[in-house]
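In the two complexes that follow, chain A is the common piece, with chain B as its partner first and chain C second.
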Partner chain A sequence: MKAFLLDDIDQLRDHLASQRSLFTPQYTEGSTELNWLPLTSKTKSVTTERPLLPTYPAKQFFFPDREILFQFDGSDFKETLPEPEPQILFGVRSCDLCAIAYQDRFFRQDPYYQARRRATLLVGIDCNMPCEGGFCPTVDAGPFVRDGLADLVCHQQQDASWLLMVHTPAGEALIQGLELKAAESHHITRRNKQEQQVAARFPSATHIETGIQRINQAQVPAETWQAMGLQCLTCSGCTNLCPTCSCFTSYDRPVADGFERERCWDSCLYDAFQREASGHNPSATAGQRVERFWFHKFSNEYTKTFDRYGCTGCGRCEKTCPGVIGVHSVMKRISATL
Partner chain B sequence: MKTLMTPQLIRITEIYDDGEASSHFTFEPVNGINHSARPGQFFTLTLPGHCEAAFTYLSLPDAEGRFKALIRRAGTLTSALFNCNAGDLIGFRGPFGNSWPLDQLLGKRILIIAGGIGLPPLAAIADHLINSNNTQVALIYGSRSPADQVLKYERSAWHMYMPILETFDHPSSQEQLAGTPLDHLQEMTVKLGGHPEAILTCGPEVMMNAVGHHFVQNGLPPENIWLALERRMHCGVGECGHCYLGSSYVCTDGPIYSWQQLTRLQLQTTA
Partner chain C sequence: MDTASHNISKITSSICPYCGVGCGIGLRVEQGRITGVEPLANHPVSQGKLCTKGWSTAFAVDPIDRITTPLIKENDTFRPASWDEAYQVITEAFSTAIAEKGADALGIIACARATNEDCYAAQKFARAALGTNNVDHCARICHSPSVAGLRQTLGSGAMTNSIDDIEKADLIVIFGCDPTENHSILGGRIIRAKLAGTKLLVVDPRLTRLARMADLHLQLQLGTNIALINGLLQIIFANGWEATEFLSNRCENEEALRAKVAKYPPERVAAITGVPEEKLIAAARMYTEAECALLTYGMGITQYTTGTNNVISISNLALVAGQIGREGTGINPLRGQNNVQGACDMGALPNVFPGYQEVAAPASREKFAASWQQKLPECKGLTSLGMTKGALSGDVRCMLIMGEDPVVTDPDQHHVQQALAALDLLVVVELVMTETAAMADVILPAAAFSEKAGTFTNCERRVQLIQPAIPAPGEAKPDWQILGGLASRLGYNGMNWESAEAIFNEIAALSPLYQGMSYPKLAANYGLQWPCNEAAPNGTPLLHSKQFSRGKGRLIPVSHADPAEMPDEEYPLFFTTTRLHFHYGCGSMTRKSPLLERETPSGVLFINPADAQALAIRPQTRVRISSRRGEVETRTVITDEVPPGTVAMPYHFKEAPSNRLTNNAQDPVTKMPELKACAVRVTNLEDGTK
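After this line comes the complex of A and B, so read on.
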């Protein structure tokens, strides 16, 4: 891995933006929401204050909430694969990069996802302090970016200057033309040590660890799931904001001379998610659906395929859930039972 | 080149009524696009404007690519399909899913147990086993009433090649067997010439669970009991999430599971 020293991260951002469309988390005017938006002359300097997660993860860039799969013109079906412009996501946090790697595997044979993913380069930023509700160290998803999950990784050092790590040939090509001083091995060593220090600053997450154990040993009583199911308002906030959630449905929309099939995000917490034509519903109760959602996030059954849990510790579900059954609330309840 | 998400055109060539709210459909490829499939696999049909749904092969594609399905009218998509006529073009994707374990069945004494609309998913494997010389096969078919029975012509052909018992929750005459398939196992064991060495079943989950428990309790290894499960298969390629069964997706890991696999998945969660 090549590594360089960088005084001004905004200069790097501008250099990258001169080559491809660049999106980075920014506050929408008049709102407290941090959103993924295109870089403009009004975009502020890369923040060095406490790290904040964008409200939405980056999954919408590859798996948009709505997309057309094909069109029917009255005589035949015409596939409509996306033809995305080359783009860069700048400032992706470690948890969201782990989720992108997870979805890369999940959608490995999906041509729509892969077309968008292939057109995108990723620039990660290490988190130098915990974010509210985040617990990435507990699920091996941060706080620093894992090797190979981004093309470039930026790390702010204690003297406020930056270490720039190059993980892919595409990342190396991006920084051509920038005059950068090579970093030395002690810079890397110091970064590794600092990750341990940052991880140690996260609040205790023993409820997450205990909850994971209980889920994997099938020790959570059905009544506990049913009690939490009563609190699910089926709003789909958790599944929309979860960076690894990927369920979708599709429907036909009439257009001139035919129709187009659109797929859109779905939620396994909706009561009719599994209902069959006969009326039979294998997950008819909210408790069953809540149980299955958390099983999908924390079961060891999935680590064989994905090399990690389906939860990356971002904590978005806790922030958004109006029923107070986000990850911390659920795992506290689970770890308290027995 | 179309991907697996985009349908191909197929033509409906024949439709006839076959049982309560059910019809028997024959399809043929359009533009010479043929495909092959294995017993137990499924496909989806697109009715333009009504999206798509999954159906099982009643018969596999022949040399000309013709295949059949038995479909019950249950919702808006099947209602649109039932309004179609022979000659109409619709969309097709497939084949999807795994198949009945053909290699593990050869040479065994096999009992097929079907309930209601669960008979069509067993038809292609029944045909396959009948044509396998060293395999003994028999069928018990349970229905609510005689009017609910499907596959009239297929069953009359099968009668020549394998023992068949038909049972009814509500028989319409004294000659008809009352009860469920499990109530008549004794008679079938005699006809089959011994206890079955493998079970293939499809029907309501309550029935399949009863079948699985019965044969395991009677000493049949759980890996020799096979079930065709239904879930809401939607995308067919293991992505949309609708057909989950524990950590498994029925559209890619199934729809055929052994009792051993199923009981392991059922221990994971209650859904």
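After this line comes the complex of A and C, so read on.
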């Protein structure tokens, strides 16, 4: 891995933006909401202050909320594979990068996802402090970016200057033309040490650890799931904002001369998600559906396929759940039973 | 949709277009189209959360199926027309009606989903451009009794407290509503409060989600609210649990109320309501012992022939217990639409100008006549149901309906259809083809909330800004521009505003409640709660803290009365209407989402296991439901959510319109129809065939 020293991260960002369209988390105009938006002349300098995470992870860049799969005009089918412009996502946090790697596997054979993914280079950024509600160290997803999950990784050192790590040839090509001083091995050593210090600043997450054990040992009583199911208002917020959630449904929309098949994000918390044509539903109660959701996030069953849990510790579900059954609430309830 | 890429171009901060909670929503724009929403993490009401309807907003405003040009009906089909031509047809018909029968032969239905600016324009159009007070909107069938009842007892018909107060209460009382279904983000805050130790008391004939979580559930018979509350008051007075000091300092007419409720001892009330005496006593104790008890209610109070009296009895209870005028207390009606509070505030009602200034008061008429440069009509106008009645009798000749679908949402569908068919001209301003729009002679294409600037007022009186995320499709325009253009054709030029902001400034100048507000101030504060004026420049989260709007709180004795139609031998079951979390109103927005549409069948009857067994009904059995007004066929869901003897249907589905069955009997004060109770017979259509 090559590494360089960087005084001005904005200069790097501008250099990258001169080559491809660039998206980065920034405040929506006139508000204090951190959203993924295109870089413009109004975009402010990169900051390392809270909030660290934008409302959405980066998944909608590859797996959009809605997407046309093909068109049919009454006699012929028309392919609608995307032909995206080359783009860069700048400032992706470690949890969200782990989730992209997770979805890369899930959508390995999905040409729509892959077309967008191949057109995108990722620039990660290390989190130098815990974010509100985040627990990435507990699920091995941060706070610093894992090797190989981004093309470039930026790390702010204690003197406020930056360490730039290059993980792919595409990343190396991006920084051609920038005059950068090579970093030395002690810079890398210091970064490794700093990650331990940042990780130590996260609040205790024993409820998460205990909860994972209970889920994997099938020790959570059905009544606990039912009680939490009663709190599920079926809003779909957790699955919409979860960086690893990937379920979709498809449907045909009539258009002028035929129809188009579109897919959109689905949610496993909906009653009709698994309801069969007969009306029979293998997950008929809200409690069973809540249980299934968390099983998918924390069961060892899936680590064989994905090499990690389906939760990357971002905490977005806790913030967006109106029924108080986001990850912290659920894992506290689970770890308190028995 | 362009398939080349999915590049986010911008996010526009706005307000959710569904219920009256008023959640913050970011509209994500890609390639000139709204493709998704982002909850606003810092919004004071929603705090980064949305319900399933809010999350599906991109589907609701999808360009597919939108009406993009004016349409004129010829030989029973619609053809595109120019704005000029459409205006011409309307102007001719309106002018003829005025010449032949006077301006009261016209009626305007404004819209609780449109902006304040649109609603203000609608009532100004009726009053100044046409010369009639025949202007109303769907608050008639949701919270007109709240406005009428609370104005008599407190002097103001809006939520007394703020949504934030949910977390400040020790006890939350939920009367005749299920906020987790219809006001989910507010309902979620009740769940959060409950988990943190707040007690819950639910009064509802249905075993709702919150009833399952409650510390105490009073499962009363349909239509017995007044008996129940009088019974609680009798227990409170008999035990000396009333707020003595509060009553003597801040209320009047206590003796009359005492005399009335003395006739409602627990044994009588238990017999009427079906709620055991010990539960009545426990509830009276809980409500009076709580340091801060916040009461919230919904359609289970208002949609009765006794709607106004139901609201008055709610007010009696809060006043006697002194649970009002402080943080964490109060009387909090939950408003169904994003801007039903605002539509009322704007005077889209037949009896009041903007800011609830009475049409009957000469001083208000003079004030508005001077500002609007027009002589104004004196007599009170017709309500929405009065207009449909007038259409049948020939007194009302033309109507203009903005974005409402009375064919699906109003009681007694056959009656509504006959009335609209009898008009000389029906004009509908709409986004998509609804059942009502299909009956129109002229359809005018409206801009959606995501395509215009303006303000919505949520149920806690918070006036919030919306701004256009994308241009309106085709020739669609905001309602206020449509009405302004029509007013000019009719010879009135007082509605040629340059922007929504100019209208808002006119509203602020004429309505004391909004006096201190402006677009920049609203933008800087996530909205402001009215009244906002010199005395309260940053708005008023809490009403009635020192004194009531009318001075003293008035206690008004009211009596129990049965619903207009009770079950009998011919129609043995009680029938009530409900709403589902997944749908909204007539479904014209929510039913565009494939996920929401998949979630529920298009029509369903909820029936208790005991009644189902008696009729040999199994899940998904095909049944016919008949009332004295009509019949509907649908399928059953068996659930203990409804009590034995009562069946329920949601009203969202044109395929199984519950309003073919509902009773048009009305509250004498507000003309609110009795949508919550009538009598039906259920017939098993599969019985004997198997």
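Throughout what follows, the second predicted complex is superposed on the first by the 336 of 338 C-alpha atoms of A that agree within 3 Å, B and C clash if a C-alpha of one lies under 4 Å from a C-alpha of the other, contacts with A are read in each partner's own complex, and residues count from 1 in each chain.
Rule of thumb we're sticking to: a contact is a pair of C-beta atoms (placed from the backbone, for glycine too) under 8 Å apart; a residue touches a chain by one contact, two chains touch by 3 or more.
This one's a predicted model, so the numbers in the text were calculated from it and none came from an experiment.
Look at chain A after the overlay: chain B and chain C fit there side by side. In the superposed model, A:Y251 lies in contact with both chain B and chain C.
Legend: residue contacts after superposition of the two complexes on their common chain; A:R66 is shown touching chain C, with no touch to chain B.
When both complexes are overlaid on chain A, the residue A:D266 reaches chain B and chain C alike. In the superposed three-chain arrangement, the CA centre of chain A forms the vertex of an angle with the CA centres of chain B and chain C, and that angle is 80 degrees when rounded to a multiple of 10. Shared-chain residue A:E33: touches chain C; no touch with chain B.
In the superposition on chain A, A:A222 contacts chain B only, with no contact to chain C.
Contacts of A:F77 after superposition: chain B is touched, whereas chain C is not reached.
Once you line the two complexes up on chain A, you'll see the smallest CA to CA distance from chain B to chain C is 10 Å. When the two complexes are superposed on chain A, the residues of chain A that touch both chain B and chain C are 81, 249, 251, 266. Residue ranges on chain C touching chain A, taken from their complex, read 1, 3-13, 26, 30, 35-36, 38-42, 47-52, 54-55, 58, 64, 180, 184-185, 187-189, 191-192, 195, 209, 212-213, 523, 581-582, 594-595, 598-599, 619-620. Chain B makes touch with chain A in their complex at residues 2-9, 46, 48-53, 74-75, 78, 91, 117, 204-205, 230-232, 234-235, 237, 239-247, 267-271. Residue ranges on chain A touching chain C, taken from their complex, read 21, 23, 28-38, 51, 55-56, 60-61, 64-68, 80-85, 87, 116, 230-231, 233-237, 240, 249, 251, 253, 255, 262, 264, 266-267, 270-272, 279, 319-324. Across the complex, chain A meets chain B through its residues 69-70, 72, 76-79, 81, 106-107, 109-112, 218, 222, 225, 246-252, 254, 258-259, 261, 263, 266, 268, 273-278, 280, 282-283, 287-289, 291-292, 295-296, 299, 301-302.
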